[in-house]
């Protein structure tokens, strides 16, 4: 399908359910996709950070793409992460996404290698040239250790290299600069700005962001869809109340003991545990080397769900 | 072949020559391997950072492994980098290295994902369990954004998870702590410590490091072999003079204009340009999105070579 | 005066005008204070980052405190930064602020020295114990290289160590967590949350922040007061338009050539140049070792002002 | 006294003994100075990081300067740290050092404020212009968050802005580049390079460093003097053995529980506890907000001392 310009709404980064022996659990994945579509989400982002793309071998990635694209069957656009260290490796993932029938590619700046704005620009230009799919830039300095500058994003938008930005930098001032910069320029139109922040959806939409890619949207997609609709309808007070409810639920990302695991293990473990407790996926396992939640931590996730009326 | 315990000597991280259209130039790679073996190096490290592993798709990586392992044919050990973001992806590269006949695996801590010492430990343990080849840890905080702690390295050495460390952290105090810690413990023996630093080989060997993995060793392998032998023979003054000559030659890594490219583009571009000017490889191209050296910068590399009597 | 709990409104971080020979220009400082008070600001923050506190010797700091506190004479609260590396040094500045008659102290976590959450907590507790003035925490990870955690801030608020937070971290999700956390806890009341972000005032206020500390508020205090009032009145659309106008004006912070100066030189140089061009201060000099704007860059600041109708 | 060019030997960064109520314990400080002079050190560095300069108010700093300069009375050169955020504040400390009769000033790049190479250069130039004392640059990226580039250091050396470098960056490759660069240039002579690394003194001296500024030298000055003399005499094997013994003793810096305190609290607490246990100073207190060692941790320091024959 042709992706809308701009793409608007709730586009959850789809978790990747795994079997106990760490294969992709495609049956659970299909149920998760249905769980999201039923809630009314406007698109799906597979193979991003919340999908554990960094942990998944290419075979797993292909299974995810084939399963999701096949099951969605054009009901909503499917954006595919092409997460890898540099251009040629990203292009292989982009090819796989094209082959699977995804609707757009999402790529970060190069990482592992030390990089430079000129190299980041060249990277996106080469990807856009080589793939027939529209390209989103994924700004994620916590993982990639470089920040996409506003001027660079706007230049690449004006040159039709990028159709959009997925901003998970947490820098709302920078997000707004891109939104206003794109609006101010005659040579940019239909550029999509999505925020990755779970806690600031109402304000990002009020600033003019087109949509949101919330990891917590796996757990409570109805909540984010409701929030989006309230914002779209201009009902700010009820939007704020819904957002604040979701902020409370988001507390689950910190259930994991920081002496025992990293914050990623805790957050992804909490999302998958919540999906397991809600009956959407069969097994809450996260990919190695992440540390599993303890029984006490699982119980705490349950309390967050119960508190939000989701159990 | 069985890798020596410890592995000693000069183990250059082999550059990956590319054709102008960015395929692996296997003929040039064979010439480069011969250039290194003729100089008397004691092992080869393929698919590390100086090999542009971060930039190379799996097919390129396989071509490198097959070409080098096949051509070396057991003359010296071949260590294979298995550079990827997390455990399952690293294991795929490890399998490919086993299939190609490499003699050891070299892996970093997880990256892109935020990590934790417990996760780093689990990562190396899972890799070691799953692969029949000996495992080296690659400490490269500039790329990986976490530093391997001395205690963690020693614990993994004592548990036979790691057979060695390739330390490219630039932290010589930490390097020495590992060397002295391994020596002091009864439950560690034959553990290999290699330094990745081009500028401190004489001092690292004097501290007790077993060998060196110098990117500049592609350009002047005779120099590093001579330096290693002088150190082994205890001829400190001539060792220092040779090291200082190599420090001068190393200046080539900064030929690239920092306004136009990152330091990686400059350093790898300089090494490959030097190999091209010396007639070892056919084409100095570096992988996208790296920025090529300008003609003036190429000329400057030539001056470094001429100054060192290498042209 | 007793500081309101919470403190609400626009509290500009007052620039410190300097003479050409780098003394405090108290006459210009008085004019700047009048310029701000006339615009209707609700408080003043002296000796923060925008005041160049890091650059000013103690004698300069005292001159600023005496001048501003004396001239304001209780019309609005004056918050005084006590910016220094660790507890005892901060306490000296706090004493000076008490002596000058300031209404509150603003302090960061320790910096230069590597720190730890337990040390940060102890730092704020010792400052609060030793000073009779209310204490605000200043979260500024770009300068201080540690981030104040939500839990730490709330614990210090509940223990009456902190009366408020000035959040210049740029992390709006974290800001919201503090706001909601403070609201949710019975043991916290009257806690003030101020944002340092110029570009997200409307959204921060919509989230429940009490006020704003905008560096750009030196240049256009009427704009920020208008924005605050529109937000307070619930007129979201006009608030957004005013905020977007101010976002455009904020572009002046990037007039300085990044090849020639750091971003601080550029931003503070632009603010002071704008104040000079608007006739508020006599000399746009910034403190050493900052690099002055070039004539072309000054002209560009003038264009921003003209575009905003401020010339 | 006129400082030698270059300054060579062991120049310990003198700890600052405190009374239980956190005043400078000048009697203990005098004993510590005697402890160091008796051991044969070649100079003293006061008000550096190991002196807790970041924690000490100006009055404390003055007490340290007056006490040490007065007691040393020209027997060895006294270098005085002028540690502060930016130029004008550093100049105040430089003036105090001149007034107290110190022999040289040691200053870092600006910190807290974001900086730029042009601003760092200007900073050192302005300090050198304004003070009659010779100026050393202090490279300490762990505290200052910028690294002094080799080219910048050499340019400032050639322009007679800097007489030396105290390198606590831990980057031995960079240290060597400065040493070789200074030696290679005709426009630089007598430039002093001191390393701050406790663990790599033998190798730094072998590279051509002029001296060493070891925090651990407070605890075991005889050891470092012996090490220096062995290196100077070219007795590499005994130098290495002495260095390795000191590496073992250095393990005391990690006695503090990282769950309870930062690494600075642990290291400075260990040094002061060791001085207390050895009877040199009256009280092991470190300045707020550092966390004191527990009785168990104190006992562990004692074991390190006993193991080294220092109790």
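Letters are used for the chains, namely A, B, C and D, taken in the order the chains are written, and counting of residues starts over at 1 for each.
In the analysis below, a residue touches a chain if its C-beta (ideal position, glycine included) is under 8 Å from a C-beta of that chain, and two chains touch if they have at least 3 such contacts.
Treat the numbers as computed from the prediction; the structure is a model and nothing was measured.
Fewest steps needed to get from chain B to chain C, stepping only to touching chains, is 2. Set against the Cα centre of chain A, the chain with the most distant centre is D. Counting the residue numbers that touch the partner chain, chain A and chain B have more than half of them in common. The geometric centre of chain A is 48 Å away from that of chain D, both derived from CA atoms. Chain A and chain C have centres, each the mean of its CA atoms, that are 34 Å apart. Touching two or more other chains at once is no residue of chain C.
A ring topology is adopted by the chain contact network, closed into one cycle in which each chain touches exactly two others. Pairs of chains in mutual contact: A-B, A-C, B-D, C-D. Across the complex, chain C is touched by residues 22, 49, 54-58, 60, 83, 85-89, 91-92, 110-116, 118-120, 122-123, 126, 142-145, 260-265, 287-291 of chain D.
Listing the residues of chain C that touch chain A in their complex gives 170-173, 176-177, 180, 197-200, 202-204, 206-207, 236, 240, 244, 247-248.
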